[in-house]
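Can you read through this structure? Questions will come right after.
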Amino acid sequence: MERIRKNLRIMLLAFEIEMRQNLTDGFVVFGILIQPLIVAFMALWMLKGKGPDYAIFVVVGSGMTGLWTTLLFNGGNSITGERWNGTLEPLVASPASLRIVVFGKVLANVAQSLGSMIGSYLLISLILGYPLTLERPVLFVISLFFTVAALVSFGLILASFFILIPDFARMVNTLEFPIYILCGFLFPIALLPGWTTPISYLLSPYWAAQALHGAAQGSLTTVQIMGDWALMLAFSLAYILASGRLYRVILRKARADATLDIMGN
Amino acid sequence: MDAIIVKNLRREFKSSEGIVKRKVKNVVAVEDVSFEIRQGELFGLLGPNGAGKTTSVKMLTTLLIPNGGSASILGMDVVKDANKLRAHIGFIFGGERGLYWRLSGLDNLRYFASLYYVDSQVAKKRIPELLELVGLNGRERERVEGYSRGMRQRLHIARALLHDPEVLFLDEPTMGLDPVGARELRTAVKNLQSANKTILLTTHYMFEADALCQRIAVINKGKIVALDTPGKLKENVQDLSVVEVEVYGIPPEYIEKLKRQDWVVEVSLENRDQVQVLQVHTPKGAEAVPVLVENLNGLRLGKIITREPTLEDAYVRLVGGTE
Amino acid sequence: MLNRILDNTRIFFEGAYYSYRALFRWLNPATYLASKVFAPLTMMIFFVYIGAYASGSNSASYYVIGNSLIFAASSGIFGVTMSVGGERWTGTLPYLFGSPANRGAMFVGRAVMHILDGMLGVFIGLGWGMLLFGLDLSRSDPLALIVTILITTFSTSGLGLLMGCLSLITRNVMLVNNTVYFALLVFSGANIPVEQLPGWMQVIANGLPLTRGVACTRMIVAGSSLTEIMPLLREEMLIGIILTILGYSLFKVFEFQAKKLGTLDIF
């Protein structure tokens, strides 16, 4: 129990530190704020004819693109960022588990990105004067919690891939838009060729988008939304469990290959 | 009882050259290192840059996995029991990195205290004490990015002591400190040792090792070339005297020729301000002076003195003088 | 005099080649494929499908053409800006400025590589369009197409040069970069017809590079000839030239400022 409390404290400190470091980083601001807003703007124009509640669809969908992009580029670099800073070695050498630190950092990134979703909501409703009502607000908020859990736990896995797979950072651009596409952020996946559907089902952001869009537009029943929650929960647990083994592997590899520090050799 | 046991440690690094045709080179940083350190001992690891000191310490602090050999600290293997071991050891690598620059010194310490599972009540008391010890009290709320190099070094030291580890690894701890700060640190290190902490200190300052350490291992090119108390190391060179000659630019051929003389055991060259000082280790002592001057015919010479060997000279003998 | 010219030419090509290599390390084929061929495709697919959702499935060509030309913008902006900003990143900017080499030759040289790269990107985009979305280029005049792409890539490189200058006075290059790139998505007519934008945005759109290039390409695919699109191409070219000159002059001004304020070494 004591240990759990102490680990929680570590996670919160990591969260706080990451928050503070990000607020001064320009590129982070871009991913969190500007890109989703531009995507939102474009989608608003392109989807104008879709009916009265399409505006909230755009806000939620573009918010999700922001969440994913932030997770990919900022959350994913949780470990590699420490390495660049020279603090990965002290972190690894401490008794605390690296997973807890990464969890805190990714949580900070996702939380900030969530803030941008709220920001674009306000921007679009206040400045452009669109009506933005959430049909099922309570379900929406709960869905957000599950979304955060699913994304952050995936972030754990993602951060380790940056270490495990050489040159992963260079390939990471290719993962940005495919998730937007396959997870139905700004258009239903029914438009895509049928063979991609199973792939969509394997992606936790798909279920998150389902739940969030469904709650915002009232297009899904409560049972259906709760089904999405169950799936997101399952994914979260699976990721967290898998990360245990994964982190043991990457840390051993990094210590064997002398890659804990960029000047390792 | 031995706190640290090191047996035949070995560590290689791969470095690759070229972009189209990659050539992978294997560099052996630590070839074969063995030693034992008793509990409560202040042990020195002395060697030139690139000798393998930092690599050895990284293996002992669980940051690198050895390619060969084994090591255990307080009975725990550095590879198999790494997780358990981490709570019991502290270390400093120093330098500019390894700290969160956008945070204050205090926040850095608080964070690492939590990472080492230091009880928050204990941390509340200990952090101010450590700040006082390293001389940072009053500056702890400033951001690390505004600290001087010396201040960062001090913060590193405070961090290493947060969890009151039984074993400490200090990798060139006085690097970057001004002379006063360095002296204060050395006093602090001595105090730590009298608190029965086991300390491994690496340095390339001979006088530091001499002043602080109970035993010194000299490491060069990844191998231990000597391991003894400072006194005994000095004894090994007692048979020799050192003749120092001030020269103003000495071509390498002269040095080569001198090395080949049978009355010359070792030659080293030191740069001091405007001159270079040629140091010739010879059993002949002052009698060697005329022959030496003859060998340096054609060069402009300055002061010539003959003196007793120091630990520095023992070191030079062990690692080679003119690199 | 001849020596001067030869020297500058050499600097021009050397600079281009080495900076390209140093900053992009494209010699890894996997990375090249991922970033130049696959990643832009994914963005294209994204907008095509939004378009399909919006207006039914037959509008794919519209989005394909526009987004292919966005690939040109990618090289032009990121490539050129990184050439300058990247130097700051790797800390080599002070060394470069310390050298007596002709600034014009150096930086325009860098732009050339990116123009070629950009053109390649557009062709790849159009290729994907034909393969995946049934883009029909049968009525297109090949010469007109190539000229349009060349000029458009050139003009976006000009914008890139201008953006690159900003890197001399600010650390947040990538922020500016990405914002401009995404803004081009909005203003260029690639995804939203320019006529549908509010009045003040149309003014901006017409002042930016890429807008006319996109319009021309659409016209070419519909069967227009080179002469018909010439007026628009001329304007696009003009924008490119103005941006390049502006970029170069600003570059010299900022270099001076950076040296004066001592911000060259700040990373």
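We just call them A, B and C in the order they show up, numbering each chain from 1.
Keep in mind that, in the parts below, a residue touches a chain if its C-beta (ideal position, glycine included) is under 8 Å from a C-beta of that chain, and two chains touch if they have at least 3 such contacts.
All values reported here derive from a predicted model rather than from experimental measurement.
Mean of the CA atoms for each chain, then the mean for all of them together: which chain is nearest?
Going by the distance between chain centres and the overall C-alpha centre, it is A.
Name the chain whose C-alpha centroid is most distant from the C-alpha centroid of chain B.
Result for the farthest chain: C.
Would you kindly tell me how far, in whole Å, the mean C-alpha position of chain B lies from that of chain A?
Computed value for the inter-centroid distance: 45 Å.
With chain centres defined as C-alpha means, what is the inter-centre distance between chain B and chain C in Å?
Computed value for the inter-centroid distance: 52 Å.
Please report how many Å separate the Cα centroid of chain A from that of chain C, as a whole number.
Computed from C-alpha means, the inter-chain centre distance equals 30 Å.
Across the complex, what residues on chain C touch chain A?
Residue list for chain C touching chain A: 28, 30-31, 34-35, 38-39, 42-43, 45-47, 49-55, 57, 171-172, 174-175, 178-179, 182-183, 185-186, 191-192, 196-197.
For chain A, which residues count as touching chain B in their complex?
Within the complex, chain A contacts chain B at residues 3, 6, 9-10, 13-14, 17, 20-21, 24, 85-87, 89-96, 101, 252, 255-258, 260-261, 264-265.
Once bound in the complex, which stretches of chain B touch chain A?
My answer: residues 13-15, 27, 61-65, 83, 86-87, 91, 93, 95-103, 107, 110-112, 114-117, 120, 159.
Quick check on the complex: what are the chain A residues that touch chain C?
Residues in contact with chain C: 26-27, 29-30, 34-35, 38-39, 41-43, 45-50, 167, 170-171, 173-174, 176-178, 180-181, 186-188, 191-192.
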